[in-house]
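Next up: some structures, all given as structure tokens.
You will see two complexes here that share subunit A, one where it goes with subunit B and one where it goes with subunit C.
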Partner chain A sequence: QKVTVEVLDHLERLALVDFRDAEGVQRLQEAIQFADQLQEVNTDGVEPMDSVLEDRCLYLREDDVTEGNCTKELLKNAKEKVEEYFVAPPGNIPLPKLEERETFLQGS
Partner chain B sequence: AAARGCGGVWHQVCQRGAGGPSLAPRGQRAFTCNARGGAVPAGKSGLAPWVPVVGLEIHAQISSNSKLFSGSQVQFAAPPNSLVSFFDASLPGTLPVLNRRCVEAAVMTGLALNCSINKKSLFDRKHYYYADLPAGYQITQQRVPIAVNGSLSYSLCIDNKMSRMVTKTVRIKQIQLEQDSGKSLHDDTRSQTLIDLNRAGVGLMEVVMEPDMRCGEEAAAAVRELQLILQTLGSSQAVMAEGQLRVDANVSVHRPGEPYGVRTEVKNINSIRFLAKAVDYEIQRQIEELENGGTILNETRAFDSKLGCTIPIRDKEGKQDYRFMPEPNLPPLILYNAKSLPANMNHQQVVNIDWIHERLPDLPSVKRAKLVEQYGILPEHSFTLVNEDGLTEFFENVVKQTQMKPSKAIGWILNDLLSYLKQHSLTVKESLVSSFLLADLLNLLEKKEISSTAAKQVLAELWKGEGKTPLEIVKEKKLELIQNQEELEQICQAVIDGQENEVIMMVLE
Partner chain C sequence: RPQRGLSLQVSAALKEGRVTATELCQRCLSLIRSTKFLNAYITVAEETALKQAEESEKRYRAGQQLGVLDGIPIAVKDNFNTAGIETTCASNMLKGYISPYNATVVQKLLDQGAVLLGKTNLDEFAMGSGSTDGVFGPVRNPWSYSRQYKKKSVPKSHSEDKESNWVITGGSSGGSAAAVSSFTCFAALGSDTGGSTRNPAAHCGVVGLKPTYGLISRHGLIPLVNSMDVPGILTRCVDDAAVVLGSLAGHDPKDSTTIQDDFKPFELPNLTDVRKLSIGIPKEYHAPGLSSEILAVWSKAADLFENAGAKVTEVSLPHTRYSIVCYHVLCTAEVASNMARFDGLEYGHRSDMNKSTESMYAATRREGFNDVVRGRILSGNYFLLKQNYENYFIKAQKVRRLIANDFVKVFGSGVDILLTPTTLSDAVPYMEFIKEDNRTRSTQDDILTQAANMAGLPAINVPAALSERGLPVGLQFIGRSFQEKQLLTVAKWFEKQVKFPMIQLEEVKRHDNDVFQHQKSASFS
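For the complex of A and B:
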């Protein structure tokens, strides 16, 4: 079962990845096939494991103020700043529609 | 704006704003909310009534010193980006560390709302892009939240005079712990957004209320009661004006017996009053749309408080796919009770549900019941006392210092004192008349040294805050009741003598 162009477009938009070429798509395809092997195991009555940390203790921290006050350091990373605020575009700039953007998927 | 009365029919929902969208004026609202719940008929075509359905998603900021997963401070109004740790800014190499106080706050709230506390709950990542969410995802509890299946009881007055109250219940679907996002300040002139991450990572409790409500008034009453509960517990200060309590409403309408209609989400509601307005407007808008043959879009709308209407938020991104996944850096959160408590565990690492339960303070409903029982006041009175910050203590202090019966003193508190405070926009704590002074005045009244009318005059004088005692004002204005029979006769005779003609006319009639 091949991954459709619609799904690939959806992924490019959602994860901001660029599949770049047929090889990229192929790698995704193989990854899905690899993961699908999990379906072959009978897991009836078995609780799913969603974290290898499941038997670890979740450490609880005391409610003390121990961090912060490093405005200067944080802003050093900012391309643009205005009076200690980070500057961002007015809103999200969504990826253009499939027809309108340069992506290998266009040809598919 | 229409004056509302639950159980009454009202005329217009939307405030007419200049150039704003407004609903067609109607002789009768197409739905009413009555004591028995549900809709009461009057569709314009005379067909079956509409049943409005209202659910709420409430985000309450947890009252804690530090954030949910980091040690930076939680504080309203601080220099931008000064309360931000490396983790809050999502710098690589940082990890979340859960704040114990936030867990306790959520457990307290869950218990107060009659929820089952999940002894094992999980954290997840909810992904979406926005400049005020530096990690590109929010850590929340989507699969197994900390508390589920609770209920909240609230009361409504079913007429305008607050003399008949009815109790309703809304089911609580769940309470989950999650991170708050930073703040975006839109600078339209320079076409940019300024980002302040001080709020990013602050702990939130999301309380999801099932769609058991039927109108704006019910939604507002439910939120008000939740607010009181949170403030009583101390788990959140729940001040809406400071963004500590945010409410989104999910609204739909349907015909009885038919499946639920398409719902819209209403955001940007900044006060409890506006919540009622926004919900009622949206219900009315949907009814009109459907009765005119239109359809309802599953969209997000913002409430415009100036126009009193909801407007669609242009959503260029379509339906959101949040790609939920387990938070890989956090093991499950395990809570204990007296039975499951492990013997040799560091008690700082243990959150004991039973221990918290034993220490829950009296909830508003319990406080009200106690006031009614202890002082013989009406339930409606207890609502007002508990609703107004500091009023219960004021009342109790007056009662301690006066011989007047509490059931009589309450009238002076609720009618005279409270209306003075409201007129001058003062809180109880800012009152120029202390409980001591008021008790003093009520004692004069109780001992029949002054009349009730005179007492009101004295109160008006006391309100000037000139530091005089009630007795001083009484003497100054000569408001003492005359007890002497002879003196009274003399006064009456003088009045009659002075109005001879009128008296003759009266006698002749």
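For the complex of A and C:
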């Protein structure tokens, strides 16, 4: 069962990462095939396990401010900034559709 | 062989003034320079290391040393944040990223006076089992240059470059393992999600400890799989691992997944009587592809325990063969989530693409991540799609519980420690390793180490013997949750029995090893 181009496109948009070439798509196919082996295991009545520490209470500390005031430090690593802001390109613009953007999937 | 830990002996030497912290640091730095071809280090923090060594020396002179680790040179895998020092995760995405803070484990070591020599090489974002897939190139196993390996390797022809014969370190903490194995530091931090500390430890002939999940803080360790990652400890002997563990373990308010129980550092007893010990040999670990050599070493070890009076029984962990499939789904799913933070806005690489945030993020990630990382992100996103969530992600979480329960049953039946091989074979030559892709390799190589991460259990690789090719073969001990003292005690007993040979590195000049003569001449009975 091959993954459709629609799903591949959808994944590229969700992940904001590209398949790049046929090898990339093939890699996903193999990953799915590999994961399908899980269906062989009988998990009736078994609860999913989120964490090996599920029997313990998560630590919650007091709601006191113990650190902060490190704006300068944090901004040091940003490439584009203005005063105390990180600068991003305009938002709310969706990625171009499959036919219009540069992606290996166009050929498929 | 030293009775007590190497770092304990060096510590004694520092205290008695037989060597100074600065001398120690300088020799390690010089050794790093002369073993540059191993490519174990990404960043060498020479200036800061010497400064730390100087401070340590002052403390020793004033009789105010901080503890056993004061003045001891260490290295840290490059996926731990280190303040003021570049942290790259061997990826273009973080090239040039200078951490604004220290990971808790790094801070703890520095607070003990340890001297941070540098950051070690790894597979990009710790994804891989060879330490071959980082942007700074592969790490070479120091044993490739050992007398033991060289005398066993037959050159195929005159024209064959002896250089092309070198073997991998395993991964993903290969740089740390190579650094410890080649004497450039006394201990190194790695990380372990599927075996990334134990695998290279086995191939490089060093001790590799994966602590219980929740024992050591992950704050500052750039995450791969939040529910399985742990910081790993690599040393040349089990005692040293216990010393480092002692300084790292314990609750961290900055990591809510660390348990709140009090942790008391311990010194390992010299176990002499193993008759009360029950060792389990899980039959499923006789996996397809296990070399006959390693099978023999494993058998011999089981016999060793039995002949010494321990109870050795075959046990079963029936879901073992699904562990790697389960890991594959859970790992890629968590990776898909964890890698979402890399968008170029706040830190790391940022593409010049400026049309929109979406296209900037996409371009940044296209430019910053290698094939392996991108592949896992895409797979993870597939398994997390609404139509797949139940059948893949939830299913894998259910299988995880079955795997964890397998261990609970076995330990519940009276078994104290499990004994298994760590890897399927000794280290393969790089040229052979790269013939298969990363995912295939990881799948094959993690098979024996992965289940311990699923169940969150502590596990340790102890070097056991040399293979026919003169390369290290290690064995793995898996213990009960939070029973590191018992695990390490048994590991130490085993280490004493096998007397694993010291690497004979020809490239390393004799006098650079003088600093280690101290451990031989130290008078501890």
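FYI, the second predicted complex is superposed on the first by the 100 of 108 C-alpha atoms of A that agree within 3 Å, B and C clash if a C-alpha of one lies under 4 Å from a C-alpha of the other, contacts with A are read in each partner's own complex, and residues count from 1 in each chain.
The criterion applied here is as follows: a contact is a pair of C-beta atoms (placed from the backbone, for glycine too) under 8 Å apart; a residue touches a chain by one contact, two chains touch by 3 or more.
Just so you know, these numbers come straight off a predicted model, no measurement behind them.
S.K.: By residue count, is subunit A touched more by subunit B or by subunit C?
M.R.: On the superposition, C touches more of the residues of subunit A.
S.K.: Would you check which partner chain A:G68 touches, where first means subunit B only, second means subunit C only, and both and neither mean what they say?
M.R.: The first partner, subunit B, only.
S.K.: Does subunit B (first) or subunit C (second) touch A:V17, or do both, or does neither?
M.R.: Touch partner of A:V17: subunit C, not subunit B.
S.K.: Check whether A:E83 is in contact with subunit B, with subunit C, with both or with neither, and answer first, second, both or neither.
M.R.: First partner only.
S.K.: Looking at A:R56, would you say it contacts subunit B, subunit C, both, or neither? Reply first, second, both or neither.
M.R.: After superposing on A, A:R56 lies in contact with both subunit B and subunit C.
S.K.: Could you look at A:P94 and tell me whether it touches subunit B, subunit C, both or neither (first, second, both, neither)?
M.R.: The answer is both, since A:P94 touches subunit B and subunit C.
S.K.: A:E30 contacts which: subunit B (first), subunit C (second), both, neither?
M.R.: second
S.K.: Which parts of subunit A are touched by subunit B and by subunit C alike?
M.R.: 10, 14-16, 50-51, 53, 56, 58-61, 70, 74, 77, 86, 88-91, 94
S.K.: Okay, in this complex, where on subunit C does subunit A touch?
M.R.: Contact set of subunit C toward subunit A: 97-98, 100, 213-214, 227, 251, 253, 256-260, 319, 322, 325-326, 328-329, 332, 336, 343-348, 350, 353-362, 365-366, 369, 371, 374-375, 377-379, 381-383, 385, 391-392, 394-402, 404, 437, 439, 443, 455-456, 481.
S.K.: Residues of subunit A touching subunit C in their complex?
M.R.: 3, 7, 10-12, 14-20, 23-24, 27-28, 30-32, 34-35, 37-41, 43, 46-53, 56, 58-61, 70, 73-74, 76-80, 86, 88-91, 93-96
S.K.: Given the complex with subunit A, which residues does subunit B contribute to the contact?
M.R.: By the definition above, subunit B touches subunit A via 64-66, 70-73, 79-87, 89, 91, 97-103, 122, 127, 129-131, 184-188, 191-197, 316-317, 321, 323, 326, 328-334, 348-349, 351.
S.K.: Residue numbers of subunit A touching subunit B in their complex, please.
M.R.: Going through subunit A, the ones touching subunit B are 10, 14-16, 50-51, 53-71, 74-75, 77, 82-92, 94.
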